[in-house]
Amino acid sequence: MNKIAVFTSGGDSPGMNACIRAVVRSAIYNGIEVYGIRRGFNGMINGDIFRMESSSVSNIIQRGGTILKSARSKEFTTKEGRQKAYDNLKAHNIDGLVAIGGDGTFTGANIFYQEFGVPTIGAPGTIDNDLYGTDYTIGYDTAVNTAINAIDKIRDTADSHERVFFIEVMGRDSGYIAIPCAVGGGAEIVMIPETKTSIKNVVETLQTGWSRSKTSFVVVIAEGDEEGTAVEIAAKVQKEIPRMDARVTILGHVQRGGSPSAADRMLASQLGIACVDGLLQGRACEMAGIVNSQLVYTPFIDTITKEKAINPSFSQMISILSV
Amino acid sequence: MNKIAVFTSGGDSPGMNACIRAVVRSAIYNGIEVYGIRRGFNGMINGDIFRMESSSVSNIIQRGGTILKSARSKEFTTKEGRQKAYDNLKAHNIDGLVAIGGDGTFTGANIFYQEFGVPTIGAPGTIDNDLYGTDYTIGYDTAVNTAINAIDKIRDTADSHERVFFIEVMGRDSGYIAIPCAVGGGAEIVMIPETKTSIKNVVETLQTGWSRSKTSFVVVIAEGDEEGTAVEIAAKVQKEIPRMDARVTILGHVQRGGSPSAADRMLASQLGIACVDGLLQGRACEMAGIVNSQLVYTPFIDTITKEKAINPSFSQMISILSV
Amino acid sequence: MNKIAVFTSGGDSPGMNACIRAVVRSAIYNGIEVYGIRRGFNGMINGDIFRMESSSVSNIIQRGGTILKSARSKEFTTKEGRQKAYDNLKAHNIDGLVAIGGDGTFTGANIFYQEFGVPTIGAPGTIDNDLYGTDYTIGYDTAVNTAINAIDKIRDTADSHERVFFIEVMGRDSGYIAIPCAVGGGAEIVMIPETKTSIKNVVETLQTGWSRSKTSFVVVIAEGDEEGTAVEIAAKVQKEIPRMDARVTILGHVQRGGSPSAADRMLASQLGIACVDGLLQGRACEMAGIVNSQLVYTPFIDTITKEKAINPSFSQMISILSV
Amino acid sequence: MNKIAVFTSGGDSPGMNACIRAVVRSAIYNGIEVYGIRRGFNGMINGDIFRMESSSVSNIIQRGGTILKSARSKEFTTKEGRQKAYDNLKAHNIDGLVAIGGDGTFTGANIFYQEFGVPTIGAPGTIDNDLYGTDYTIGYDTAVNTAINAIDKIRDTADSHERVFFIEVMGRDSGYIAIPCAVGGGAEIVMIPETKTSIKNVVETLQTGWSRSKTSFVVVIAEGDEEGTAVEIAAKVQKEIPRMDARVTILGHVQRGGSPSAADRMLASQLGIACVDGLLQGRACEMAGIVNSQLVYTPFIDTITKEKAINPSFSQMISILSV
């Protein structure tokens, strides 16, 4: 392995820059030439590939987003697209790839390896924390902190006015973001896809709270909840409790940005180094992750197909803590 | 003047606690007894009035929201309500009031003075900065900083993905919040109620930008804009430019909370002291404010009826800075 | 077990309030009466003990410091002091204790149990992360984030001026805080008690950097490093490189305060619940901790005497990442 | 005026990048070519001058420090140095300069104009706010917010432990930074160069506080205070009150960095535009500033020699608010 390239793909997440930096510097440390590819698989197809030096990644560890930009690529789902991508890598003599992204990215890299034999090692870059093979994904800790800081601000206002706030957080089909937001944000109710919380439960919890003279409530809703969006859920509850003074907040893309937290910088740095090490060890189609404080490599296929269950005791914590 | 009371009313804003603290300590410094009233005029009507000491306001200067809670009061718009309020103040021998709030609060206090002769001095507590008689209102600087921090995070993601973000900020009928958010957030377009920006303008600015190879755009929209909400405006633009990858964010109540900024703590402290001084000077129905670094008192009636025009050069700044 | 009490002791750390909240609410959830003790063992001796309700811990999860205040107690090191403490607990019929603190606290609780049979379960409340029996202590993640944010600001200035910054962080006898600060702060050099870094190494690293046209440097120093304080180390390096433009920053107590991070709120909440559960299970003189995502109870004696080794690969990361 | 150049000089401050951005884009908006000069006068002497486009300043408005780097230049104090600088400007046909810095910068620019006739317009870039001709300097608001956030964290710990914290903030010979830090940080005592606060006063204030059962104290000290540094002052007070549990924090260079606040971004943007406008109007050797919300140009000589007095009522606020 003499030349490798790094790219980011899929939704961006805080810490991707820290990971790029670690890949670049670790490659140089190991005497390998390193290239950057812009806009994920699209840049591979279009030849948007450039040499990176140590100074290319100076002063980026603290910055959100990704200096390599990210995109989803339709063309890479075609054989012709992948052929073009391969030709461009070949032209630069690039013989290994580091992909920072999620399951869509790893699926593409898997096919690419089967067809063209270019090995990819992946780092889990997504705020959703829904990838098997690592306890935490890069960006998750930052996204949760961002959401909790927003909830803190909303709670100031909730306490001042005695309202019910319905706050929607990200997380695709999982409650990984919602759970710590609810615990850390001091929420009275959390609604996640993994467990069923009916509108009736919500109504009862609110009414029990009022009867015990609680004055303000925060309901944290994962975007994938089966009862609908925060707007829809608030409307359903309002129908049952017409006197309720409700407000809806959808945190949205604010959660994807921002300077990465300490934990995300550390994780991104460790995994960036591990990706380069993995390529040097002859690995292919594996994701570097940290499980129980240990570095592990997991086949892409497992990260995509195996499920990472959320700790069931976490939902119960909300009931205890809002007593 | 031997006994005064302080309350917060209307929408809460960061710095209200710093202002309460200044009122309480300044009263004590001047040898006056001071009371707190909970939930604005409602607490006056219900007799939710309690003695405050210096220690009642320890360690609150940095906290968002209001420890006295806030509410709008229907009952206070009736003569019966105001009579009850007066009786409760009388029972405590309270002979002066400090009201931290906005125009609705000052309107109520004006009527109350005409009917019952209890003088009120007001402090401008609202994030909207739309009150005549002060350059800045308490909470405005914090709200703008909160919104800009959110825009910074969104821009990380916008830059990574080449999208157009439509971001709605608060401000009722004015662009006071939107303008510095757009300048400070590096936005390409700002839409405020005070000036007309047509959908056609927006479309042209985006297309000019793309032609000059700008890759991401931020459009800041004041909630009172004549073209509609951020959701509506994004839909209108999308109709003209189907290929646009647009995202909408509504910052919402996050802007009302949070630890007050340095400037808001300073302003709130100055005005809290000035409110007590105003009562001691025999003033009534006036708002304390800072204009051109000078403390001024403005009749409530002027703060309600006179308009505070936004500097017209600010809108032009956006065009220059996004060149 | 019918009545328990909770206290904080030793140096305060962010998340102590979140832990107190979890203890109080978990006790109530389990039908147990709960008391707070102010100023650690001192309050036990002086009888500063008071009943806590659910509302006693409303709106504190996000606040730094400890509402129960903390102190070190000389008197509790005497038999007379402990007798008084016991008499006060007895007077309230308190038959179990939750102690949030560090090794000094647990040592005291151990002796107290041997003498008077009052069981204590502990939660690890210290920013230093140097306690055996838990992967992370409450406050550690927040302290590291605070320090990294400060280093980010210093680096802005370092980059603008081409200087060498020597930054001293906390951590008592360990490099637990220094290591992620150095990795996450993009430092070129880290100096920790666990490994020897000579002044000669520092000088060489700086000179190699200059020769590769690096322009600014950050050296992170753990307070317990064998080469001395940041002030002393900077002076020693300056003697070797007289032309160096050096600046020293000692972050100090800023690291102990601030709103707890998401991870610290989650950890503190889990462990607060676990402390109450531990007492209900009949445990005594054990600390609740999280090891490899699992809740574990470790005898106080082990948390005090066993060493928690720092991952040796972390130091090497700094060399790789600053290449 | 066809070609201008911009540079930053002296101590860096947050908002300098926002100002550079405004200068560059405003120049382009006005059809003028614009250059950047690195490291202040040093870059002028060494010819470190480069063409800037609109994209050169993309995504920098939110970043601390200065992308043009800053330095103090000994060589520019010599005639030979200035001759070299002039020759380099001449070689690029640069006929106007924008200097972002403080009094040292403006002094140099004044001499340079007298000798070589190259006009400079200045923007006040310093955290110290000690320049005549503007109500606020670029970076001041951010520095004060940074310091207050640090004081908030320290106060968490002070309240938990009943200590006296002596906190030294920046500000050269003025108390401009110290005053709002003390008001906004809820300090009991402030010590600034402009007014005399004796150690005896400090001792009395602490003792009065204790007698009224205040448990923790924050003393904010401006670095230029006549009683010495925070370390020295704490030692003097400790000598008088041996039982005092004192801690000293020196915030240091943390105050110079960080993402600029909303107000600093707005101010920097306004003044950057005003600098270009000033050059186009034929002005020379003047600083753009905002006084009472109005844009004004003040001769460099006045900004250097005239004094900007601090509002004397501010010191009294501390006494009232810590009652």
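For reference, chains read A, B, C and D in written order, and residue numbers begin at 1 within each chain.
One rule holds for everything that comes next: a residue touches a chain if its C-beta (ideal position, glycine included) is under 8 Å from a C-beta of that chain, and two chains touch if they have at least 3 such contacts.
Which protein is which chain? UniProt says A, B, C, D = ATP-dependent 6-phosphofructokinase.
Computed from a predicted structure; not experimentally measured.
Chains touching both chain A and chain C: none. In this assembly, the chain whose C-alpha centre lies farthest from chain C is B. Between the Cα centres of chain B and chain C there is a gap of 39 Å.
Taking the mean of the C-alpha atoms as each chain's centre, chain A and chain B sit 35 Å apart.
Once the centre of each chain is set as its mean CA position, chain B and chain D turn out to be 28 Å apart.
Residue positions 152, 155, 159 of chain D are each in touch with at least two other chains.
Taken as a graph of touching chains, this assembly forms a single closed ring in which every chain touches exactly two others. All chain pairs that touch, listed by label, are A-B, A-C, B-D, C-D.
Put simply, chain D touches chain C in their complex at residues 8, 12, 14, 16, 63-66, 69-71, 146, 150, 152-157, 159-162, 165, 247-258.
Residues of chain B that touch chain D in their complex: 18, 21-22, 25-26, 28-29, 54, 59, 61-62, 135, 141, 144-145, 148, 152, 155, 159, 180-181, 183-186, 212, 259, 261-263, 265-266, 269-270, 273, 292-293, 311, 317, 319-323.
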